[in-house]
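One structure is given below, encoded as structure tokens.
Going in written order, the chains are labelled A, B, C, D and E, and every chain counts its residues from 1.
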Amino acid sequence: ACGDSPNANKNAANGAKTDFLSIGMPNGTVTENNNPFVGTSAGASLGYKWMIYEPLGMWNNVKPSEPPAPWLASKITWSPDWKTVDLEIRTDATWSDGQKLTAEDVVFTHTMIKNNKALNTFAIPYDTITADGDKVKMTFKTSQFTTQHKVISQIPIVPKHIWEKISDPATDPIKEPVGSGPYTLKTFSQQGITLSVRESGYWQPAPAVKELRYTSYADNNAQTTALATGASEWSFVFIPSYEQTFISKDPANYKMWAPGVLGIHGLYINTTQKPFDDPKLRQAMNMVVNRADIFTQAEAGYFHPEIKSITGLPEGAGDAYIADEYKGKTFSVDVAGAKKLLTDSGYTLDGTTLKDKSGKPVTIKLSDPAPWSDYQTTLEIIKSNFAEIGIAATVEKPNQNVWDQNVQKGDFGAVVRWTNGGSTPFDIYQTVMDGDLYKPLGELAQQGNFGRFQSPEATAALKAYSGAADDAARATALATLQKIFVEQAPMLPIGADNVGGAYSTKNWVGWPSDADPYAPLQPTQAGALAVVLRLKPANS
Amino acid sequence: MSIPTSSIEQVIPVQGAMAQPAKKARRNNFRFVSNKKAAAGLIILGIYVLLAIIGPWIAPYDPGARGDQLVAPPSADHWMGTTHLGQDVWSQLLVGTRSVMFVGFLAGIVATVLSVLVGVSAGYIGGKTDETLSVFSNVFLVIPALPLIIIITSVLENADDWLIAMVIGLTSWSWNARVLRAQTLSLRRRDFVEASRATGEKTWRIIGFELLPNLTAVIASGFVGTVIFAVLSEITLAFIGVTSNTTWNWGTILFWAQGQQALAQNAWWWFVPAGLAIALLGTALSLINFGIDEFVSPRLRSAGKTKIKTTSGRTVRMRIGFTPVIQKEASRD
Amino acid sequence: MKYFLQRLAFYVFTAWAAITLNFFIPRMIPGDPVQALITKYQGQLSSQAIESLYVLFGIDKDRGLWSEYVDYWKQLLSGDLGLSFTFFPTPVSEILSDSLPWTLTLIGVTTVISFVLGTGLGVLAGWRRGSWVDGLLPVTTFLSSIPYFWLGIIAIYLLTGPDSFFPSSGGYDIALEPAWDQWFIPSAIQHSLLPALTILISSVSGWILSMRNMMVTVASEDYITVAHAKGLPERRVALGYAARNALLPNVSGFALSLGFIVGGTLLVEIVFSYPGVGFQLFQALGAQDYPLMQGVFLVITISVLVANLLADVAYLLLDPRTRKEG
Amino acid sequence: MTEPVLEIKNLNVDYGLGDQSVHAIRDVSLTLHRGEVLGLAGESGSGKSTLAYGMTRLLPPPGVITGGQVIYTPESGDPYDVLQLTDRQLRGFRWSETAIVFQGAMNSLNPVHKISTQLTDVLRAHEPKMSESSRNARAREMLKLVGIAADRMDAYPHQLSGGMRQRVMIGMALILQPQVVIMDEPTTALDVVMQRQILGQLIELRERLGFSVIFITHDLSLLVEFSNRIAIMYGGRIVEEAPASALYRDSLHPYSQGLLGSFPALRGPRRELTGIPGSPPDLKGMPSGCSFHPRCPKAFDPCATEIPVLTAHGDRSAACWLVER
Amino acid sequence: MTSIPDAKAPAGEVVLEAVGLTKHFPVRRRLKDVFSRTHKAVHAVDDVHLTLRRGQVVALVGESGSGKSTVARLLAQLYPRTGGDIRLHGETTKVTSGSSFRRYAARVQMIFQDPFASLNPTHTIRYHLTRPLKIHGTAGDDLEKSLHELLERVSLTPPERYLDKFPHELSGGQRQRVAIARALGARPEALLADEPVSMLDVSIRLGVLNLLRDLKERLDLAILYITHDIASARYFADETMVMYAGRMVEGGDSETVTQAPAHPYTQLLIESAPDPDRLAGAADVADEDRGNGEPPSLINPPTGCRFHPRCPKAMARCSTDEPVRLEIGDVPGHWAACWLYDKNEVAK
């Protein structure tokens, strides 16, 4: 690192033109690994793999129901049964080493994943992958309706001429990544990674941001501080009281946008434990959870956007999927209603203690690992909510391994946990209710259904949804799922996942917002590329 | 966590300064309490112990209960303000005292008992036993304790205060064992031990009645040192979120404060008091240890006085090597 | 020499004990790294990835403990500490070699400064009792009773900020690449100041005190009186005679407290996000990354052992009595 | 008698000040003449060491000199009061004019420095102009003088035996050719054989070099043999002072008589051993009058009330009412 | 050549007897010694013969490190012996611990050199004296009476004044008396006094020695008096033995040994003792050649007579042959381990 001081353009804020963007993530240290398929690589954990490697289509998580926009594939056509996709690969894209990007590269990438279990992180059931000129055809063993976005927009395409020489693509650190994206890796260090824009050859107009500087901050505190001081201009991090600790430091420029996506967090109830096997009890519990409190106090008023619809689907991203029956039906704390429901179904409220049908006091153990302070806070709030209907809850903080183990074994009272996310509500409901994922108590349920919820109806509806041939069938299946979810309350939804971020408009403008939600605002999402391409200097 | 200062000083009495003090031990029993440092330390410690006992009863609120005022600065209602859930920090502090003191003292006791067992028997029995025990305790001494404790606790399923105290106690006895062994070795060579053997005393009686009473100061100092270490360790574990205990302690308060970035929110009342409470407790324990050190080593004790006043009101500074000369107006007869 | 060989044998034994302990610890930990990784991402990583991760990490649970132990030694002896899970597939040794220099420099330099400064002040305090240094004692006692991490966080709160000279985290300016050049080194020093300062503040008092007490004890030795009687300059008496002898027990104390110091700095690294091994251990713990955990613990232990050995050698050099024949 | 080289006048030493203080040396006056060996004897705690350290201002805290003068007459030049010297002057005075040999040689030598370093240290401090090689030569010479082979120069104290260490100390004391050498129980830790060797050597050196010696011990028979004059201390005071032979044959003070009667003699006829009844006084609660009176077999009226003053009787003096008679 | 294994027995029953008593302390083996077969040892005591009789004081004199204390501790069975025999009333005894040791301790008691170190600072005088009484059979109502008796016997009167004091509250002489009382508490027949007065002030030494003599006479004790002050042996002991480097070199009636020393080492010792009758300055350092005499190493003791390297009268055979006890003509029971007194040599 000789020559000019690398700090030379640091003072750009003082009027001079700024040509870099600082992006931060609170991920601790990273090691030099740019492998786009390995989740533990620096490229994946900080998200810069999407600046180097591009997907076939660009999917906007914020509007999951919209199909992915063409990207490396200029045309994407699915068969009605969602088992075949026809792609037209654009011909004007080149790799950063100058070679042309072809359909062969796409076939190579997907074939490599198909043949390498370690790389197939989405467990995509490939069947055949063939190329024909610029066209690529892929067939699958099952319907890809619920996973189409993964195939199209979550798998980066890599150059065949380089990767075919790599002996083990799953463990190679890819120290010198060559991709089709607008940026190339300039420098790598434990704390910071610099990407510089490609001189030429990018198939779209070159982005205005000449350099991307990724920093991996040690923890949320460090990241928040960096945001507050302006050292970081874009990040995705949990900021307690963000108004005070972040926005107020420069209200004109510091912004936060946190759109929800189709993935939620909620209280999984162990439905095998008495009396919580009673849907009525769970329903009553659902009625007293104060989601607004949780949203403001535990989630800092933004991080997990409050779930309003009783179907558990997030506002915005989920709106399109809510069954007619439940449109407009939102959660509200209704202690009196819950009490009535309970007494009607045979419970008694003895002073401040709820007694079940056999006369035993109802108690529940809530647990989550200690370091997850938002979950912990949530549990504290839930605990006091439950107290209002006489359920005595205790909050435990086992360490994470123990907790993991216990949740999978079904050895818990209730835990706040997440669901998988996706492009449809399928992932949410599957994680909570899928009978196929059911494991007897004591066996590890790794994929979902931790609460051991057993409803053949729900399992069938899930199957019907993912395998349906048309929208109507899907709508019916979804309505069934929602009905079960609402009436049986196997899990009490609380907040949505968000793909937002905190950013600064001091140097760069053009970020997505409620008014123009063109892409997710999370630097690690594939959509981050779309954001970077839209940014313009603030003072121009 | 810090280096328990006292433990370093413990090296000193071993150097033989012990030879004299024992002679005077009895006479100075009350002197220990009259030592200003020790007295101050004991008073502060006494207050903490009292709070550990009555804390949960006098706490104005349930430390976990949510309130309406979120992250509110200190006020008449909440003397030390509130947390992001409206919990009363003062109540958390009060209630947390018990766990801190419990773990500190239990770990101190466990480590002390172990160190006495290992150190004294190694020193007294000697030979192969000594060599084995010495190597054993030296191994424990050299392996960094805190990382070890962190790793062990993270392995434990549900670490409650008992378990944490045991882990800390079981990993932190070695220093004291070493000091005790050295002391025992030097005591063993003293004639009174031999004399009681010649009188026909049994071995356990020699250890229990001849050696141990002469080791009390060292044992006490080791105990206090371990308590400091245990308190800091417990708080550290809670702070970094390794321990899963559901009871409140000061580390838990700091954990929440840090997780919610209390300082970035300018909520100093949330973060500062617990830290000060720890520091004050540590200081009190250190003071007690100074007292013990000075009690054990008369040189240190007299070292306290460095300036003396003459009758005519002049202060004279004591200096080694240059005895002050005060010429009295009228020489005495 | 005999003394030295004895110590060496002891260190070898201790290293063996530590390594064996190290081998067993992760084997007692419940859960597995794949799940830990999924959990770490809290929904950002879909649970469909589980299968592929098992393949990727190559986890094979059914092996005899003994054969694992033997393999573990084989690996160790060939310098292979395995692959980290959190940073898969980076070798643990690589992560450690990235982070160890930071820790060594930070701990090494501050410990030595703290020792030297504390010892120096202790010499002053012990020699000139009643001087200003004595006033320092209660203050440093209080400061040393404060947990490192608390002090560090308060320091960050009070001293760092947008316009502050002190950076709040990291080991160097993020815009820089590690290199021995005129930008990186000053930046690294600048970043180490605050962590160093907190370590210094909380550890120096131990040295001051023990040195002071040793000085007081030594000052009443006959040879000090003789030195005065010889009419030697005060500096010579204080340093060449008193401090030189008072230093001896402190040197061995220094060695033994290294373990404590390492424990303490671990927290400083966590608080200041300093890219050292302590921070790695913290991360490894959270992520169930037991190869990394083992590696870090091993490195810490070995470094403490080596430091102890060095202190032993120093003691050997400083105290002629141990050099006695044979 | 030759001219005085060191005159102690009315020296008083306290340990501590205020209520807690202990008056350890009470109005002691003593004269050391050029070239003589002055013996100082007394029981443990009588203040012998305190006197020796006091006159050179080497008392450890909380010792305080509360009065008196120590007049030193250099070989050429005017006499001056050692207690009035500035620190700097005092440092120059020490060792070059008066050297001290302490009781425990093991503890008097710094365990971490070679004996050559400790010998040349003195030269470096007092004769800074001296070259390194001549310093070493001088150190070697001194070792030879006390009968230690020069090849032991680079030994550390622990490598020498007790006797050798003590000899090193004596050699070190003489390295600057001081006028006065104070020896505080230089041989108590040694064997009788070694003791005789070392003292013999010292006396011989004194004859060659001509310094004066203050020789402190509680072994009166040793003193009688080796010194010219003897002063007996009791309870911080000098109670008798006389030429050695005179004291041995016919001591005036009952305490001196008691001391002499406590030693079993090896030669000659078996004498009746009398000893001294009772135990030494406690400095904090000194008896009134003559502090020896509670133990004195010959005590009478004035002893309990009035303090006897040291008065001269020819070439000897005593502080006892018996003698006043 | 006449060699006498034992001095001719004067009046008095033999209580304790050491025959060829030997003690070697193993030297800690070093790393480099691991491969060598030889086991190094400190030859602290070699072939010591000693007889303690009822009502008699035997003095053991010798320079520091000559093995005097080791002999005492061996006799008290505090150390296991390497060789030789200890006979109590003619019976071989070997006890290490347990009740047999306690029975032995009841008959043979030891007093230590340093009265400051031999009393436990944390216990009262009462405790110190109660223990031997309890261990050796006095209990119950007698206890208090026995305590008083003990204290009175050592002239600490009135006993009440001392019983509840701590050691530090007593003077050195008083402490040594307590130590003696403790030894007496076991009602021993033999008392081993290891330099009982060397740490005491000159003026109070006499008192303690007189007390011991008094006890010897009144209780008919057999006393071993260890000292490095040969003059006090003359005054206090009936018989005096001189030790050098772990071996006995001379023994006999105290007056004879001190007034007509036979062994060159004893002669040197006596010559070196301060002599007030010599005049100041007249002290000539006659034997410079004797000067550098350092005690020999006990790990590799000199062959033959251990004194030969320092001996002014050494002969060739002294460095090769170990001298045996040879009777000296003058007084019965006076012997020396020196070839000078071998008849063949004398004849030459």
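Note that a contact is a pair of C-beta atoms (placed from the backbone, for glycine too) under 8 Å apart; a residue touches a chain by one contact, two chains touch by 3 or more.
This is a predicted model, so every value here is computed, not measured.
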Moving only between chains that touch, what is the shortest number of steps from chain C to chain D? 1
Between A-B and D-E, which chain pair is linked by the larger number of C-beta contacts? D-E
Roughly how many whole angstrom separate the Cα centroids of chain A and chain C? 39
What whole-number Å value describes the gap between the mean CA coordinates of chain B and chain D? 47
From the C-alpha centre of chain A to that of chain D, how far is it in Å? 91
Here the gap between chain B and chain C, centre to centre from mean Cα coordinates and rounded to Å, is 22
Could you pull out the residues of chain D that touch at least 2 other chains? 53, 58, 60, 90
Each of the following residues of chain A touches two or more other chains, namely 225, 228, 371, 401-402
Which positions in chain E touch two or more other chains at once? none
Inside the complex, what are the residues of chain D that reach chain B? 10, 12, 16-18, 26-27, 53-54, 57-68, 83-84, 87, 90, 307
Residues of chain B that touch chain C when the two form their complex: 1-5, 7-9, 11-12, 15, 17, 135, 138-139, 141-148, 150-152, 154-155, 157, 175, 228-229, 232, 235-236, 239-240, 242, 254, 258, 263-264, 268, 271-272, 274-275, 278-283, 285-287, 290, 293, 297, 299-300, 303, 306-307, 317-318, 320-322
Under the touch definition given earlier, write down the residues of chain D that touch chain C in their complex. 53, 56, 58, 60, 90-96, 99-100, 102-104, 107-114, 121-122, 125-126, 156, 158-159, 169, 172
Contact footprint of chain C on chain A as seen in their complex: 1-2, 5-7, 10, 28-33, 38-40, 117-123, 170-171, 173, 187, 189-192, 194, 213, 215, 217-219, 222, 225-226, 228-231, 263, 265, 371-372, 400-402, 404-405, 408, 418-422, 427, 431, 446-448, 497, 524
Using the touch rule from the top, collect the residues of chain C that touch chain B in their complex. 10-11, 13-14, 17-18, 21, 25, 28-30, 127, 129-130, 134, 141-151, 153-154, 156-157, 202-203, 205-207, 209-210, 213-214, 216-217, 219-220, 224-225, 227-228, 234, 237, 249-250, 252-253, 256-264, 266-267, 270, 281-282, 285, 293, 296-297, 300-301, 304-305, 308
